[in-house]
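Read through the structures below before going on.
Shared chain: chain A. Partners: chain B in the first complex, chain C in the second.
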Partner chain A sequence: MRKEETVKLISAEGFEFVIHKDAAMVSQTIRNMLTSPGSFAETEHGEVTFPEISTTILEKICKYFYWNLQYASGKQTEFHIEPELVLELMMAANYLHT
Partner chain B sequence: MGGACSRKRDHRDDEDDFHLGVSRRYCKSGSSKWLTTSFTRPVLDNQPGRGKGPSLMDLCIRKICEDIDKYNTFSMLPRDISQQIINELVYSGCLTDVSFEGFRDCALQDLYLGEYPGVNDCWMDVISSQGSSLLSLDLSGSDVTDNGLIFLKDCTSLQALNFNYCDHISDHGLGHISGLSSLTNLSFRRNSAITAHGMSAFANLINLIKLDLEKCPEIHGGLVHLQGLTKLESLNIKWCNCIDDADMKPLSGLTNLKCLQVSCSKVTDFGITYLKGLHKLSLLNLEGCPVTAACLDSLSALDALLYLNLSRCHHLTDEGCEKFSRFGNLKVLNLGFTDITDACLVHLKGLTNLESLNLDSCRIGDEGLVNLTGLQHLKCLELSETEVGSNGLRHLSGLINLESINLSFTVVTDSGLRKLSGLSSLKSLNLDARQITDTGLAALTSLTGLTHLDLFGARITDSGTHYLRSFKNLRSLEICGGGLTDAGIKNIKDLSSLTLLNLSQNCNLTDKALELISGLTGLISLNVSNSRITNSGLRHLKTLKNLKSLTLESCKVTANEIRKLQLTDLPNLVSFRPE
Partner chain C sequence: MAMYIRVKRSKTTYFIQCEPTETSLDIKQKLHDLIDQPVSDQRLILVSTGEVLEDSKSLADQKVENDAVVALTLRKDDNEFEEVNIVRADDFYQSRDADAGNW
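Now for the complex of A and B:
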């Protein structure tokens, strides 16, 4: 992955997830951060910190981003969600507008 | 976290809509109306705009609905999320009295439980726990009783309440909601227990904007309690046949009224005199009232009036109808099923703002139509069952904004239809008349914008179907004159915009016809009754995934075979015959 094609998502505990920009931009919130000119520091550094999203949840969200891309390209599999994660995941999804 | 919450609180209400332009009458049966409105649900996987897979939010909500029994409470969630969960549970029919308990103290804003099965007083405690967050509540069709309404007194912010078809609510219950002074919308349709006595509770609801008491037969004398409700903009007392002239008096001071529906009451010309001061009134529905043209004296004072419905006012004759000339602002005028003749149409000449005119079943003929030539804004003209013939149509050829004409059961013949060929805005055309044939259709091929074409009783044959190829935008088509065979269907099979197709009464159609239309995947409603279709032809319908209604009466088709097809291939089919 070339650096300019990636973005670093940082969880509440400080774990870093380096993923493709395309994947991250499945989230409307992240898309806005990365594309609005000059207004976010995130745009320049390609890093976004989520102080309210735990590592477990952020990992699940990254998986969802890639699953969504696959789905859009025609590979329509099921996205499994562990029941114990649902509520927290939902709040994050709400925030990330995804 | 939290994010923006998207709320949608606009109640569907087709009653006050002005149906300008294309009318909904293109369907033979009123019942197919719902085919294009309710029962449609966006499939989660196909969210418009997103163009991708289901959102994570939707997946989570779906997961919760699957495992709903595992959750005791949602009160820790932000309200916009719990709101989405309950909306989905209601929509999918998965909500029960037990799972509803999980929504206690969720500060929900909207609860649309209208027509939801099993809702009764036991649900009221959880509803009440939403407290002052609750803004909108729909309990129509529920078994909630007067006692259940006691619970609403804590929901002091309620703005909209709907108790349509609640047979267990009476005057006593109204007392319990009289303190909800934030209410702006209140609806109690078809309630025979509400009387003038109970309506005294309405007097406190000073913020009321919209009140709906349609089909409440015992409310005579109760409208006096509305006198102080000066914010009222819309009042529906349709089908309350107890309403008479005396009931109009208390309305005289409600000067903010914009929409008043008093159809099918006993109100006469005298009662209408009380409405003179309603200077904001834009819609007045007097359908089926015993009024005469004398009421036009009072109504001409209403300078905001745009929509006037006098249909089925059987006392309305030509006498006094010169007063119609004072209604130059009107956009919609319905005089259908009245006793007026061509003599009345002379006085409509100056109504140049008219966009819709209904003369259904009036005794008007070709001579009368000359008076319509100046109505350049006319979009919708209803002439069904009049004496209009081919000679009259020349008066319509200059009405270039016409979008909809109904000429069913008139004496118009093929030779007259040429006069319509320049009406390039036409979208809907009803030519359901036996004397119309292929020749008439040939004259209309320039009308390429047509979306609805009704040739129900016309004698169209296979060679006439050739002309249908011009109407590529057709969404509904009815040809039921008996003259079609499978060969004619070849010219229909490429009309890919079709959602409604009625080919019944063409008794020579076979399974081959179904094979030919199997590519019309947009079809929502299909009728091929009275034909030679058999069970083995049904397999051709497998591709019609959008089909909601299928009618194959008097064919060699069994209900059981349709049911099988429904299970395996037609998930959206909700209505079929034989059943």
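Now for the complex of A and C:
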């Protein structure tokens, strides 16, 4: 995995999650940011900051991206979501088109 | 993609895609591509057991499973490895105690 193939997602508290672009592109919003020609600074630096998404939620989202890739490749497991995270997670998912 | 592990240091988490048959050294090489630290200056510790991972052994042999959390420590100037340093998001959210111990 080369550095250019990864993207860094930064949470409201400044925590960083380095994930593969394939995983990040599970989100339509991030896909648009990374693929639209020249219009987002994010594309060049490979960094996306989410000032409104908390660290706990962002990590859960990253786990979901990878779960999604695994699920698509035939490994069908459950994705566990803690009840106390549901509301915030749904709001983030809505924003990310995930 | 067979599995991924979460390698953590300070406030950063690296999601690393890997196979259970890969060795710890393979993981360190992947990290080298991301952080420019030679593999000899990296130490990986499985957080759930506190065991230091050995370069030659496979992930499966060392009970490193999908979604496992592994701490990364780097060699300091005095040639010793630093202590495990992972900042938890919970430090900001005391109200999320229900989540404690749950990565």
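FYI, the second predicted complex is superposed on the first by the 98 of 98 C-alpha atoms of A that agree within 3 Å, B and C clash if a C-alpha of one lies under 4 Å from a C-alpha of the other, contacts with A are read in each partner's own complex, and residues count from 1 in each chain.
Here is the rule we use: contacts are C-beta pairs under 8 Å (C-beta built on N, C-alpha and C of every residue); 3 or more make two chains touch, one makes a residue touch a chain.
Bear in mind that the values here come from a model prediction, so they are computed numbers and not experimental data.
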Check chain A with both chain B and chain C modelled on it and let me know: fit or clash.
-> fit
Between chain B (first) and chain C (second), which does A:His97 come into contact with in this model arrangement: first, second, both, or neither?
-> first
Regarding the shared-chain residue A:Phe79, is it in contact with chain B (first), chain C (second), both, or neither?
-> first
Using the superposition on chain A described above, determine whether A:Thr49 touches chain B (first), chain C (second), both, or neither.
-> neither
Superposition-derived angle with apex at the Cα centre of chain A and sides reaching chain B and chain C, degrees in steps of 10 | 140
Answer with first, second, both or neither: which of chain B and chain C does A:Asn32 touch in the superposed model?
-> neither
Does chain B (first) or chain C (second) touch A:Tyr64, or do both, or does neither?
-> first
First (chain B), second (chain C), both or neither: which does A:His20 touch?
-> second
When the two complexes are superposed, chain B comes to within a least CA distance of chain C, in Å, of 14
Note which residues of chain B are touching chain A in the complex, please.
-> 1-3, 45, 51-57, 59-61, 63-64, 67, 70, 76-78, 80-81
Contacting residues of chain C [partner chain A, same complex] = 1-4, 11-17, 30, 33-34, 66-67, 87, 89-90, 92-93, 96, 98-99, 102
What does chain A use to touch chain C in their complex?
-> 1-3, 6, 11, 13-20, 23, 54-56, 59, 62-63, 66, 69-70, 73, 75, 82, 84
In the complex, chain A touches chain B at residues 26, 52, 61, 64, 67-68, 71-72, 76, 79, 81, 83, 86-87, 89-98
